[in-house]
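In what follows, structures are represented as structure tokens.
Shared between the two complexes below is chain A, which has chain B as its partner in the first and chain C in the second.
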Partner chain A sequence: MKKLKIRNWSTINDREVVLNGERKLIFKPEDHADQKLEAAYRALGVAYPKFFKMDAQSKLGWLSAEYLAEKGKLFEGTEQKEVALVLSNRKSSLDTDEHYQQSLTNEEEFLPSPAVFVYTLANIVAGEICIRHGIKGENNFLISEAFDAISLVNYVHILFEEELCQKCLVGWVEAYRGTLRSVFAFIESTTDEEPTMLFSIDYLKQLYQTSEL
Partner chain B sequence: MQKPVYIVNDHILSAIGTSTDSNWKNVLNEKSGIALIDPLFPSDQPIYGSQVKDYETVSTAATKLENMFLYSIQQVLRETGIQSSNDRLMLFVSTTKGNIDLLQNVNPASSERVHLAAMAAFIQQELGLKHAPVVVSNACISGVLAIQTAALYIKHGFIDHAIVTGGDLFSKFTLSGFYSFKALSAGICKPFDKKRDGINLGEGIGTVVLTQDPVAAKGAYAVEITGYGSSNDANHISGPSRDGSGLSLAVQKALKHTDLASIDVINAHGTATLYNDNMESLAFQHLGLSDTPLNSLKGYYGHTLGAAGVLEVIISIRSMLNNILVKSLGYEEQGTEGTVNVTKAFIKKDIQTVLKTASGFGGCNSALILKKA
Partner chain C sequence: MSELIAKLKQQIVDQLNLADVDPATIDENAPLFGEGLGLDSIDALELILLMQKNYNIKIATAEDGQKIFSSVRAMADFIEAYQKA
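The block that comes next holds the complex of A and B.
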């Protein structure tokens, strides 16, 4: 089996943004989620107006990938179709589902919004990340009752073994009723005997735990 | 050494039947499940869709969608030689919105199961399955992608057998969303036709059994999954790429072990929106598949979302086993930029290999190759 390593990783929660264990930003505790997401965006110093059209979960996923991108590039020297994106969470798109559902309750002013509806699918955040970074490879969005490091690590290993990808962005992304949590890791194969960050079930679990409040 | 993975049994619950046999018979009789529906909201156009009205209450604790899932999975479990308690069996659930109706009709006993994984866990417990299910929710490619995911789990030795079930409800939630996009057809949809004007939504369940051991699974047949792949357009979240290049990437990956010329039929996504069908036609033309017979099953079922990929794979398998090309219902005249050979009638033909594709919101595409074993 191919040996896989974590090139770099990021976590975002209600308190902070962390890149490879280093705190990049501490949120103001009094800010609500939208303000925190905007603060994380401003701190990056990039201009991406589409960011403001996204729902909270897509913003969170977009930021998680953006922090992993060095000088704005998530990957170089690999074909777009060879980069995979595997995401996961528990709530699917429930945050926006609830928001959209509210727009259906008034029969007299029945005006469902396509701009809201489009975010009522779990994988739209994946679409936003693919657009930003030109990822054209394998996609999958897995829903689990709790963070499932086993499924994620197994599935990503299979993708490499099958030569369905050469690089893979894998992550957990969930924004729900003002609570944010994401854990993203960029995975590539390695010839190192003992890579510092082996992409293993234990290591991914640890990363998730470090993002616990 | 990796062993081949086969589909060996199936079941469909839809507006046109509660078994695969009845579905297949109705397809052959050109019976569509799509009908004018009672309005669910104020609309400036008539709304057509396909709804499942005939389903059994398997568990009184279950929602409509869960009962439909349970019924369908029980039918395949009854026929297969794999026990539900088998430690090497895993359930894969494909759904986009699951119990979305629970958002408006809150019953405290089941409200938690608006969560897709909680719904899947309920199904697991009702059936007495050992492992937590894998839930794939990747828009309209969920069904095809769930089959790919399960096949890969088997191929790489994590499990020996899989049940892949796909399902979604016909809901006010989803219907109003497609209405807001002005994507709904004013009549019965016409995939790939010149006069196509949008989609119909539908509801249903498709369930297949995957295994590397068709004998142990008491397979009703054996159709090998010989290729798979998914891709992203990286272009737009709610519109397909104009040129079909994203879909082409997924098909090219799936064709890794298959000669293009050996594809006997393409079962396309064919939602009957202007953009989707056009995009697909350009992809197939670019791939050199313009002459290959192609159909869409949306004229029979509408777009059944999480069920679509699985359900359409099952009808394609019937098509292979009976050596009959299925008529693409609603198609009369070429109406796409790319040239495609849409099947206008039921035709007897030796069918060994099928290409199945799907594309969806979020810019995702997927493809599977099925081969008669």
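The block that comes next holds the complex of A and C.
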């Protein structure tokens, strides 16, 4: 079996943005989720107007990938179709589903927004990340009751073993009712005997735990 | 007319979440799609919603939409004609 390592990882929660263990941004506790997401975007110093059209979960996933990507360097030297994306969460797109549902039940002003509707699918966040970084490889969004490191690690190993990817972005992304939590890791194969961050079930669980408030 | 154009620019920025766009910098004669603001198909649907919500105008056909949404000025012309009719 190929040996895989975590090259970069990022976490975002209601308190902070962390990249490879280094705190990149601390949110103002009084800010609501939208303000925190915008602060994280502004701190990157990039211009990507589409960001403001996304729902909270897509913004969160987009930011998590953006912090990892080292201004696109992460994907250099790899064919777009050789990068895979495997994301997961518990609540799918429920945050936006509820928001859209509310607009459907407004009898006085029945004008549901198409721009909200397009985000009523969990894997839209994967699409936003793929568009941004030109990723054209395998992608999947898994819904599970809780963070499932076993399935994620096994699935990513299969992708590498079957030579369906050379690199893989894997993680958890969930924005629900103003609460943010994401854990992203960028995986590649390694020939190191003892890589610093071996992509293992234990290590992935550990990363997820670091994102806990 | 200039008042309506300024109001429309602000409404477009709000409806389409163009957070970093100053409404005053939008050229009312520039195309809304393809170049200019670079809007996409979902934005087109949001513009239809904007016309319905704020001006009670329902866009009947795609051909009408193409004409009405060719620029901010075209939108303003249509609104003004509709209100006079």
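The rule is simple: the second predicted complex is superposed on the first by the 208 of 213 C-alpha atoms of A that agree within 3 Å, B and C clash if a C-alpha of one lies under 4 Å from a C-alpha of the other, contacts with A are read in each partner's own complex, and residues count from 1 in each chain.
Quick note on the criterion: a contact is a pair of C-beta atoms (placed from the backbone, for glycine too) under 8 Å apart; a residue touches a chain by one contact, two chains touch by 3 or more.
Just so you know, these numbers come straight off a predicted model, no measurement behind them.
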After the superposition on A, what does A:209 contact: first (chain B), second (chain C), both or neither? neither
Could you let me know whether more residues of chain A are touched by chain B or by chain C? B
Using the touch definition from the top, say if A:114 reaches chain B (first), chain C (second), both or neither. both
A:49 in the overlay: touching chain B, chain C, both, or neither? Say first, second, both or neither. second
Intersection of the chain A residues that touch chain B with those that touch chain C: 111, 113-114, 118
Chain A-touching residues of chain B, taken from the complex the two chains share: 41-42, 96-98, 100, 103-104, 114-118, 120-121, 132, 134-139, 141, 145, 149, 152-153, 155-156, 158, 172-173, 176-177, 179-181, 229-238, 246, 249, 253, 360-364
Residue positions on chain A within touch of chain C in the complex are 38, 47, 49, 52-53, 109, 111, 113-115, 118
Touching residues (chain side chain C, partner chain A) in the complex: 16-21, 42-43, 45-46, 49, 52-53
Across the complex, what residues on chain A touch chain B? 80-81, 85, 90-92, 94, 97-98, 100-101, 104-105, 107, 110-114, 117-118, 120-124, 126-128, 130-131, 133-145, 151, 154-155, 157-158, 161-162, 164
